[in-house]
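Quick heads-up: structures coming right below.
Each of the next two complexes has subunit A plus one other chain: subunit B in the first, subunit C in the second.
For the complex of A and B:
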């Protein structure tokens, strides 16, 4: 849908691009009033993205590669920038890559935040970023055949599993240290964990000099699955399963991407209910992380108290949605279940209890004598590095950047509330923890506000038509930060392309800098402070650079060392 | 430390007795979908609404049966089947204890007879669905004779319906009618 002429947010950025780079802009189109896609010449792509990023307060939200050869003969690249300066909106820098020469100038040398996206688009679509310093695969395993690009439309069925091409791990872990280090590998696999990752810590004695890690051991191929097997309405239920903790945030982000693309106006009551449920999800997620902070600092009785209280938030989810997790509440056009008077009263009662309980527990945690020493100044994320890599959520807010999708680009029911944004300047584990504490109480206030004056009327609209090949963004602020979805409709009641980017994806690249300069006993605590899924990190390899010796330490042992800080596993 | 001890004493025991006492479940909890084969007309609306492909419908023309099945191992308990069912034959219960000793026990089936076309004799839909459609359409009839004709018409397969329609139009000789009208 093209926004009306007199209400187009983002025009100033287009004007700025045109002034700085005459003739680079080929086309502009607004998908909604505050989403504009600007097509630039392929060679101008890095400059256009860098200009918006560094000169106009842009942050890289996601990048979408799309095989559009059946539509127009080209591949498409879409760099999504969240503009948080003078005019808050999303500017999507789009460039077309001809079929016969699948390469493009890399944006990463100018904007480091693009590094994972460009590695991924090379893996999945075979588009070569020229000038990208990191030549390693990101998503595909070492034994995946060369030249088989899963997201190209003409390569493979979603059920196809190619024969492994090698038995050896060929991935090179990067170590930038100037001194000799020891390698500490963490991970990769435990047969029961759903999201393994492999961490390699390069240490000198007990000090982490550098770190590298590898994810995507269990890539589920959800984007391809959604595009080929499911109808566009069914994908809301698949999106619920992107994450076991903040799945509803993905479901809302996906649903709103299609609603934005098709110009669907979701009824105000449906929007408010979405916001209430998103905050319910944040309540339980933040309590989980606060509990784990206790656990990693060796304060297990605190962990149990936080988890006891967290049970109330699970009851709240069950009461409002009928399930403790994977709420299954969204359809394109609104939500499936209303909040009735009785549920409203029970909710208000429950969150009232939560406010008091959590306040007591937080006081208790912060007054525990050795807690401060354990988290203060640990896992520092330099604000400059944060600026370069576009991390999201409590991670970026803990380093002093005021970024919150709920406030910057209000969606769902957040238009109805005054959204406070908390920042901290400590840049450490403590800052990130304190932000979660503050946001917990905000969530309670938001739920109270939305329940006290909920808009009336329907919760779902079915008054819309499916139009082929429309695309737009949908976004939410999950407990871990911004989730960004980009969807393009197909011509068969399915999606042509679904690009789903979870919040932690943007936080992984900065973790390396957070680990540097700390001791290995702090590693689990630092990894925990970005709040990833814990099954990720099963074992660690520790490499001592001076003694040139490698040792694999089980994750349990690392965790024990983090909590007790005695009997180093390296000795 | 004192704060912590005070909190522990205030809270007391938090552990629930489950499974030795029943777990407390909220009203409206979405658990195992229960299928009522008496009400079901095997129309397959639920199988196309199911996002997880937990519901399936297989037709065996030789045996003259259509088999509806649910795999509780695949079910995501979203309740789309309940929303799409025209006869209220499937609804979610509060049951969440679904563990079984054998995987096959997670699958439940219901077998329905097929209806054979009055005209060509080929099976084309579940007998109960044809009967259901015929009954609803016949309720709009103004006379018992018309109702009977509508019911009979519902028992004709789509293929034959098209053919019969064309033949009927041909019999009514549209060319002559048009000429007369002119």
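For the complex of A and C:
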């Protein structure tokens, strides 16, 4: 779908690019009324992205590398910018890289937000970003063979497993501190994150001078799987399994990317049901995080209380979808279950109870004297750094930026509701927590509004045809922020390329700045405040560089220290 | 595993005389399993009342709980935590990915299920397993309950055949009704609506079918179901014309 000329949004950005860089723009095409792909010359790529980013209120949403050699002989790069200025839309800056010289000028020196994306595209497609300062791997394991790029179409079968070459991790961690520091490694089996991850804290005494981390321990190769073993209509269920906490948001993002690409109009009732379920998911996820904030600040009875109340949201999910988690509710073109009077009434009753109980708990939490002391001014994310790195969700809203995909680019049923966007200017753990509290009550109001006013008609359309090589974006606001999916159909009822970017991906790079200047005992709290979740616990090795000795303490000890703040494990 | 360890393992649970310590190893899960384990250890389900306690180090563990398909990068950390736990130990594989590798079983960065790297004693399937399934799985691991699943095979008898549903409704009409109901209300509720509607079609005295359908719609208290029945009526009258 190219969109009729009258409704095309985003033309002002194309005009601006043409004025600033004559001859740079080669082509423009609209995927939907508010998604435009601009093809620029490869050498103009950094300038084009930087212009849109800094001069026109653009934020980097994702970057997609695509092996398009079988289609047109080139690799494709797509920098997706969420334009949140005068005209709200998505502008996708596209450049082609010739097959014989797989390299491109790095955007990172101009727009730091691109750093993880460019490291990833080097890992997965072997496209070299020239000028990217960080030479390390991001996604692939340390012992993955050099020169084997999983997402190239001609390199390997999706089942190919190279033999392991080493039993030890060889990743190099970066320490920018000027003074001598002690190293505190955490993980990979450990603490506050969704996935196993390995953290290195560089400390001087109790103070964190710098931090670095190695993620992607759970890289499984989903994007390759979606292109090979699965049909495009089955990937909604794979997308459900991207994340066990906000999987439904991924599923909606994926389904809408294909719907946008193929021009499918999802019936209004299906859209409303998607929004209701997304908010149900937000309810459970925000209660989870509120519980964990209690836990990390040593208020364990609050943690247990929040988890007790959270069970109501799980009951709600089970009532509406048949499953407590991993809803499997989406099809391309709509949803798989309706909400009848029976479910509607029970839902209204349950969220009424939730509103009262959570209000009481939040009042208790905020009036607990030592809570304020533990979260006020801790884990500060400077608004300028937030601007440079494009974080999403409560993390960016807690630093004063008004970004919420539900309001900026309404999708699914959010066109039917007035979406409030809350921001806080404290930039600390407290701000992020308060935003989650406000959003929790918003979610209840949205569910009530959509249930009282649900559009009638079907929930599913099957009136569409699969068209080869169409691509578009799909997006949602997950509890942790914007999820961005880019899908391109193939010619065999499968996907040619699926790029799935989870919200936390954009939040990790700023964590380093949030940790700096705080004490070790606040580290779990700060990591928890970006809301990856606490999945496993393990050891913490503390290496004292000055004394040249190593000491291992359990993560529990670290966490205990975070809660009690006495008897430092470093002594 | 040596015979000695096996014998110790058999005795472990009977003679332990204290709470059972569980250590969780996430070797590549999506976190859905972790979240349900959380639900199982917090109020409402509260496995601690059975003396099951989650501990922060494998060195304290009696049971190792593996979740997620084993990824390439987590292979060594997962093996190290197995080796760190003292013998005798029980390994529980949790969730579809833990049991078999699940949807990710054959991917380039995945090693398969837990049993590809360590010996597994109990499997708790589900995506993710519910807290009830978790508690049941632990009860089995602890020898408190027997396994409920029993394999049975049905052999078709001589005169046995599967009866057609709604033989009185023409096949084409049935398909059209079921399809419209599914688009209106999905597989589960749509099917229930189509069944109710076809029941009204099939009742004796075909001459009164219009009246019965009108009654079905009029009597329905749920406005949404009434809307669906009205749509099905349109399909029916459309087919007649």
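As a working rule, the second predicted complex is superposed on the first by the 543 of 571 C-alpha atoms of A that agree within 3 Å, B and C clash if a C-alpha of one lies under 4 Å from a C-alpha of the other, contacts with A are read in each partner's own complex, and residues count from 1 in each chain.
Throughout what follows, contacts are C-beta pairs under 8 Å (C-beta built on N, C-alpha and C of every residue); 3 or more make two chains touch, one makes a residue touch a chain.
Keep in mind it's a predicted model, so treat the numbers as computed, not measured.
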- Please indicate which partner A:213 is in contact with in the superposed arrangement: first for subunit B, second for subunit C, both, or neither. neither
- In the superposed arrangement, does A:308 touch subunit B (first), subunit C (second), both or neither? both
- Message: On the A-aligned overlay, A:322 touches which partner chain: subunit B = first, subunit C = second, or both, or neither?
- Response: both
- Message: Let me test your reading of the model: by the given contact rule, A:141 touches which partner, first (subunit B), second (subunit C), both or neither?
- Response: second
- Between subunit B (first) and subunit C (second), which, if any, makes contact with A:360: first, second, both or neither? first
- Task: Quick one: classify A:238 as touching subunit B (first), subunit C (second), both or neither.
- Result: both
- Task: Would you mind checking which one, subunit B or subunit C, touches more residues on subunit A?
- Result: C
- Query: Taking the two structures together, which residues of subunit A meet both subunit B and subunit C?
  - Reply: 237-238, 241, 305, 308, 311, 322, 326, 336-337
- Task: Quick one: which bits of subunit A touch subunit C in the complex? Just the residue numbers, please.
- Result: 140-144, 150, 156-161, 164, 167-169, 188-189, 194-196, 216-222, 224-225, 229, 237-238, 241-245, 247, 288, 303-305, 307-308, 310-311, 314, 322, 324-326, 334-342, 456-462, 533-539, 554-556, 559
- Note on the structure: Given the complex, residues on subunit C that touch subunit A span 24-36, 38-39, 42-45, 56-57, 68-69, 71-78, 81, 102-104, 106-111, 127-128, 130, 182-190, 221-225, 227
- Note on the structure: Interface with subunit A, subunit B side, in the complex: residues 1, 3-4, 7-8, 11, 14, 25-30, 51-52, 76-80, 83, 92
- Query: Within the complex, which stretch of subunit A touches subunit B?
  - Reply: 230, 234-235, 237-238, 241, 301-302, 305, 308, 311, 315, 318-319, 322-323, 326, 328, 336-337, 360-361, 363-364, 367-368
